[in-house]
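Several structures are given next for inspection.
Two complexes are shown next, each including chain A; its partner changes from chain B in the first to chain C in the second.
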Partner chain A sequence: MAEVEAPKLPSGVRKKLMFVNRKAPHGTIYALEALEVVLISAAFEQEVCLAFLDDGVFQLVKGQNTQAIGTKNFAPTYRALGDYEITRLYVERESLAERGLATADLMPIVHEDPDDADEEKPSIQVVGRAEMATLMAEQDVLLSF
Partner chain B sequence: MSTLHTVNKSPFERAALISALGHVRPGDALLMIEDAVVGARKRTAFAAVVEAAAKICALFVLAPDLAARGMAEKDLIEGIKTVDYGGFVDLAAKHRRVQSWL
Partner chain C sequence: MKFGIVVNEGPYTHQASDSALQFARAALAKGHEIVRVFFYNDGVNNGTRLTVPPQDDRNLQKSWSELAAKHGLDLVVCIAAAQRRGVLDAGEAKRHGKDADNIAPGFRISGLGQLVEAAILADRMVTFGD
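Up next, the complex of A and B:
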């Protein structure tokens, strides 16, 4: 059976993409839309990472239950990102602290590391504001949601 | 490898301007457009943060948006420059990437 090839950008280049998430989930459509585009981008074999800062950190809080507001609870989807080889979720430390949140309040999100016998590794990396700015400056494209 | 940051909401309405100013790096430029031009005014509650950021990177406001809101260069924090639409394009072309702070 012929192997199915992943779609490529016309030039075949691999770019560093960062999805910047700065809004709380559920109140607006931004967080869900970002997640949809992230999953699409995974099919194009780009170097994808996600940044969560300001109210965006609320997207990763554990125990989200949207049953009573009648909307899709997309929070569990973040835990599936590892299966799409999206393994870097940067969370800004100052944004957490400003909102009374700690790393323990976030969902455990892991991925299998193919370079280490498929050992499960944490995908969330908590970084300071200055480091976040540095990470942003290393990207080819920044997509804001 | 610098970045052009754009912001389009007033700092009194959203945290985008203050957050963007907290992530600028030397060599970057930040352009205030639409309601964000309010953030370029002297003596606002956010002026100290804007003035501090002006020491790190270049700050600009879009002149047509400034004029539309009855503001002029005399109302701006020292060091903030105005650009027209062509200047906006020049800034986008000059920097490696554009980050829109929604």
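Up next, the complex of A and C:
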């Protein structure tokens, strides 16, 4: 992971950042390097969320094992996002269905809700394509990988 | 308007770097400001000075370096992505015991925080990639 630099920004700037994940993991580096930016972004105290669509939904499939292909299995890192206060992972329903996937095929990812006695809440929200478009329109910044 | 630009693909194989360069020139010509150009993924390969494209082809690295010199652009190559792919400045080369560096003029190597910071400072972030 890259070194975290001290953010030098005007105080009080709080933007809505969405990281859009469109590629399957392991075949290319996009998913891993997107995740590296996501982790760094947590240091900037912005409103960060993630979107998974197209082949990007494969990034969250449970039971990934990269041993046979000799690459790093970074899938467990998604489960740590809650510790970085990144608690919203939007997964597009149509992208799942088009690939024969269901919500039950995704790894459980939870975060502690400080507004509810730190109770564990699911971070993954499956949303329809139209709702995904609305969510994207609400963002200040989209970074697409 | 303040633009931030992200280049996520290397030169020549993909059009991303060409398109980003043309966008940057057009934006500057219209009087807009470019807060930073951030090179990530294989985009870091735009920042090596050791490319030697054929003489009848465009030279992307040189074009970026010249645009940076002319307009004072901040061209930042992601350190983590650059180290994976062998793009080093003198300091990094020394730190990792490598016998050479290859960063092009006008480019600097820094962390991913520079990408997030650009996204916060810019009015619009424009990504060039696949």
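Structure notes:
One rule holds in what follows: the second predicted complex is superposed on the first by the 134 of 145 C-alpha atoms of A that agree within 3 Å, B and C clash if a C-alpha of one lies under 4 Å from a C-alpha of the other, contacts with A are read in each partner's own complex, and residues count from 1 in each chain.
The rule is simple: a residue touches a chain if its C-beta (ideal position, glycine included) is under 8 Å from a C-beta of that chain, and two chains touch if they have at least 3 such contacts.
These numbers come from a predicted model, not from an experiment.
Contacts of A:Ser144 after superposition: both chain B and chain C are touched. Of the two partner chains placed by superposition, only chain B is touched by A:Leu53; chain C is not. Contact with neither chain B nor chain C is seen for A:Asp83 once the two complexes are overlaid on the shared chain. By the document's definition of touching, of the two partners only chain B reaches A:Met136; chain C does not.
In the superposition on chain A, contact of A:Glu120 is made with neither chain B nor chain C. In the superposition on chain A, A:Phe44 contacts chain C only, with no contact to chain B.
When chain B and chain C are set side by side, the one touching more residues of chain A is C.
Residues common to the contacts of chain A with chain B and with chain C across the two structures: 30, 141-142, 144-145.
Interface residues of chain A, counted against chain B in their complex, comprise 20, 22-23, 30, 53-54, 129, 132-134, 136-142, 144-145.
By the touch rule above, chain B contacts chain A in their complex via residues 1-3, 15-16, 19, 22-25, 97-102.
Contacts from chain A toward chain C in the complex involve residues 1-5, 7-9, 13, 15, 17, 29-30, 33, 36-37, 40-41, 43-44, 46, 141-145. Listed in rising order, the residues of chain C touching chain A in the complex are 6, 8, 40-41, 78-81, 110-117, 119-121, 125, 127, 129.
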